[in-house]
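First chain A sits with chain B, and in the next complex the same chain sits with chain C.
Up next is the complex of A and B:
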């Protein structure tokens, strides 16, 4: 039986990890909600943002957090263009399947370019506060992890506010709920879908920066992330942002706690076991996710 | 185009006839310099992917060996030419690479890639073709359990023996000072795991209790959970069976949790020149086994360090030295056997290496029948921002600091 101190430390680490998962999964589920697009390249953009943060720190000497001033608008723009120029051209009937192929290709291109430009060498940002930590009731919280969690929290809260409080957010949610009806009430669903896609990709920019603070990055790292993220959005209910966030916290916590008993290798399987169970018992997902029932 | 092809064909035909003729009247003398063609040495290396960092180091070591040897007139009057393929740290790829090098590229000699995971499949291919296979990096026990007849590991000791000097030293301490509990974390990789588990077996036999024993997959980037287990166990000492980046990540994660052991030992990572910067210079007292140091007093090592530094601008590290050592062993065998090509010659090379001792940059090497070298590693420690040899006693540059200062 693990000690109380270890359990408490693991819960904290799990919550910090879950926060990052939540932000990344939110973007991924948004794409599906808006357009029924399965965006395999989401985590590749995540690693791209992490590389840009690393690069700006190493080459330009600025704090990685500042790189977001450039990467967030840049990724938003990329997302809009990606949706308008590529994904919007796929035929509606085969959209979901074809989007897997298309975004798979984009992921491979990004990975290849990263390898070409930065080489396959593993990189890690060396921050002055990299090993600093705070104490909380006997447990330790690394400052960098706290910053990453804070970033995720702020980004998710902003996403929530945009979705709930702005006209654009209403239009976006209307588009997610019923595209034809949204058109009938005068929403330009194509434009909204483009911006929504940009919003999703912007979360990858924030997530990548958060990721770069406390982990090693290498070009093929995105394959490591896409599996768990896909599992999270299915468990959470495809297209549901709150569902994805909730599932991310639960699974992040579960992974962290299972590592105590099972070790690192087996703890990763929690995502796939959750995925199987969800598909077997409740294919529409456990949180929200009315939308997925139609597929 | 046609012309050149025809000419090449003629040249080949003439060459073959000459070679046959020479072969026929060769008699007792070894048939030296039957051709001016270079000796092509085939290598597959992990230049990208998980092992790209050490893989490139190994490549530089081979390049230095080729250049230094060629500057001195080559071997048997022939120059050495390296043919390097990138296996992307992938075990399937490495098999295809050696098949290509031996089968279709018809290289004269093959030498090993980096890391046990890649050495074992590569050695199997070399074995199939009856090629001599000297390798710079396959140090785990399983390499020598495969029944390979042509494999030789060109370094002082195998993974499980790396920490032998440290184990002896710790178990010789008076009972009150000896560590009583130990935590181990090792990459799921035969070499990295072998180093940690070699020490674990010896300490357990000596009564040091294992309180954490973690194995993580090679691509792990988040070490916080493993670090949490180690930190809350409050083990007296921590041992990391690491390569490079995982060692750095684990140390940072342990420091984030403010874990202060009496002894911290990690394989490979602490001997890398980027190590101190990578963990923000919090290196105090970290131990590492090393098979090579630039200060080693062996004759060829002085030449190696000097010429390597001139070629690459910085002195060689362990990976470079092991590759260079591999080259030295192969060169000694080629010179003694008087041949370097596929076929019969390979058997002569293997027999020679098996029966002889070779002087190298890591000292004189000899092997048992499985290809395992007979020796142990030195132990280095970070003291005051520098890494120094602390064990064994007769080679030490400084005293071992135990318990270690806080990091």
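Up next is the complex of A and C:
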């Protein structure tokens, strides 16, 4: 039986990791809500943002957090273009399947380009405060992990505010709930859908920067993220943001606790086991509504 | 139900028949005319892709459900065969059959979880399958050999390398023929009709009484069986398995790319796609080596096919051909109104005899 301090530390680390998962899963949920698209390239953009943060730190010497000034608007623009130029062109009947292939192709292209430009070497940001840590009730928490969690928290909170308090958020939620009805009351659903995609991809920029602070990155890393993220959105119920956030927290915690006994590699299987069990027992997920039952 | 079009020799049909005969002749003669063993082995790799992609097309073509995880099923067939030979000491081809059956059995719970809801979850499960099998086969080194790989002894130890290639070329060709035959049989059956109804509109198919879930599950298991066979045969031929390559998401995406490029609704679509993409892949490997750029090329090609040619080259060629031939059918249906009427009377007789 592991000691109380170790257990406590794992719980803290699990919650911190869960926060990052929640932010990224929120982006995936947004895409699915808007267009019924499973966006495989989400985690590839995540790694791209991490590489951009690493590059701006090593080549330009600026703090990786500052790279967000560029990456967040850039990714927002990419998201809008991706939706308007590529995904909107697909046939509506086969949209779910073909969009998977299209975003898969984008993920593979990003992975290949990252490998070509930055080589397959593993990269890591060396920060002045990288080794600093806080001591809390016998648990040792790295400062960078707290920063990453803080970033995720702030981004999730602003996403929530945008969705609930702004006119654009209203229009976006209306588009998600019923596209035709939204169109009837005068919402330009195409434009709103594009901006919604931009918003989703912007979360990947924030998440990637947070990830780059304390993770070794390499081009094919995105496959290690897309699996858990997809498991999270299915367990939470496709299309439900609170469900995804709750599933992210629970599974992040479970992964962190299982690492004590099983090691990092086997602990990852918890996501896939949760995915299979959810689909076998409750295919609409644990928080999913009407939408999830059909997909 | 013989329909009128089968007795009609349209130019398209004639061209298809000639092309098929030509392909069969070239394929049968290829081991004799291939100038060196390397090119023969390329032929085997391409045939392997053709079998895999045809197996994928049982699910992708009939039901429209796109699986990116068939690479994992092939990998399981390969490792299953290898482990049954090395650990259990079974004869090579008994192990191959047993491994394929095991993959098919495994496909039942997988399909049960993945197929109860519509498309999105199926894709997610298929990708998760690749990721989890890679994880397990890399980490469980004591059983699978882990990253060091697994050596599969050759089934014919007495044969020299060129002879070995020649035998396996014909084995893969035979497997391809069987897979194509089964696809053709399903295509013509009531079962196939139900599957295609699922592809066109699953809600309507269900409303008309098609047991959609059972149909999807059965065809998924059939597809997994053939994929497992292809993977196992590859293991016996190549003799050296590495989890990184066996459980690669790329293998699955190659199958999709080949089938889509050729045309998923056509019997020979995946074969044509495999000939095109498989040869291109091998060519790129020789010319440029293993750079990350082959990922970019694969991705760009897949995106182009999805965006501009989601029905594949065969239907595009067929349309071009029909444009130049004096046509009688103006309908967009696959069958003419006369055929439909003939089928209807025939179908009623069938229905009566079944009900009676």
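Simple rule for what comes next: the second predicted complex is superposed on the first by the 292 of 295 C-alpha atoms of A that agree within 3 Å, B and C clash if a C-alpha of one lies under 4 Å from a C-alpha of the other, contacts with A are read in each partner's own complex, and residues count from 1 in each chain.
The rule we apply is simple: contacts are C-beta pairs under 8 Å (C-beta built on N, C-alpha and C of every residue); 3 or more make two chains touch, one makes a residue touch a chain.
Owing to the predicted nature of the structure, the values given are computational and were not obtained by experimental measurement.
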Original post:
Does the superposition put A:115 against chain B (first), chain C (second), both, or neither?
Top reply: both
Original post:
Which holds for A:5: it touches chain B only (first), chain C only (second), both, or neither?
Top reply: first
Subject >> First (chain B), second (chain C), both or neither touched by A:153 >> reply: neither
**OP:** State whether A:275 touches chain B only (first), chain C only (second), both chains, or neither.
**Re:** second
Subject >> Which of chain B and chain C A:100 touches, first, second, both or neither >> reply: second
Original post:
Is it chain B or chain C that touches the larger share of residues in chain A?
Top reply: C
Original post:
Given the touch rule stated above, what does A:265 touch, chain B (first), chain C (second), both, or neither?
Top reply: both
**OP:** Once the structures are superposed on A, label A:77 by its partner contacts, choosing first (chain B), second (chain C), both or neither.
**Re:** neither
Subject >> Footprint overlap on chain A, where chain B in one structure and chain C in the other make contact >> reply: 115, 120, 224, 265, 268
Original post:
Touching chain C in the complex: which residues of chain A?
Top reply: 32, 36, 38, 40, 86, 89-91, 94, 96-98, 100-102, 104-109, 111-116, 120, 219, 223-224, 226-227, 230-231, 234, 238, 265-266, 268-269, 271-272, 275-276, 279-280, 283-284, 292-295
Original post:
In the complex of these two chains, what residues of chain B are touching chain A?
Top reply: 47-50, 52-53, 88, 188, 214-217, 219-222, 224-226, 228-229, 231-233, 244-245, 248-249, 252-253, 255-258, 277-280, 282
Subject >> Residue ranges of chain C in contact with chain A within the complex >> reply: 64-66, 68, 109, 112-114, 116-121, 123-125, 127-128, 131-132, 135-136, 138-139, 249-250, 253, 256, 260, 291-300, 302-303, 306-307, 310
Original post:
Which bits of chain A are touching chain B when the two form their complex?
Top reply: 3, 5-6, 9-10, 13, 16-17, 115, 119-122, 124, 126-128, 130-133, 135, 140, 142, 144-145, 215-218, 220-221, 224, 256, 259-260, 263-265, 267-268
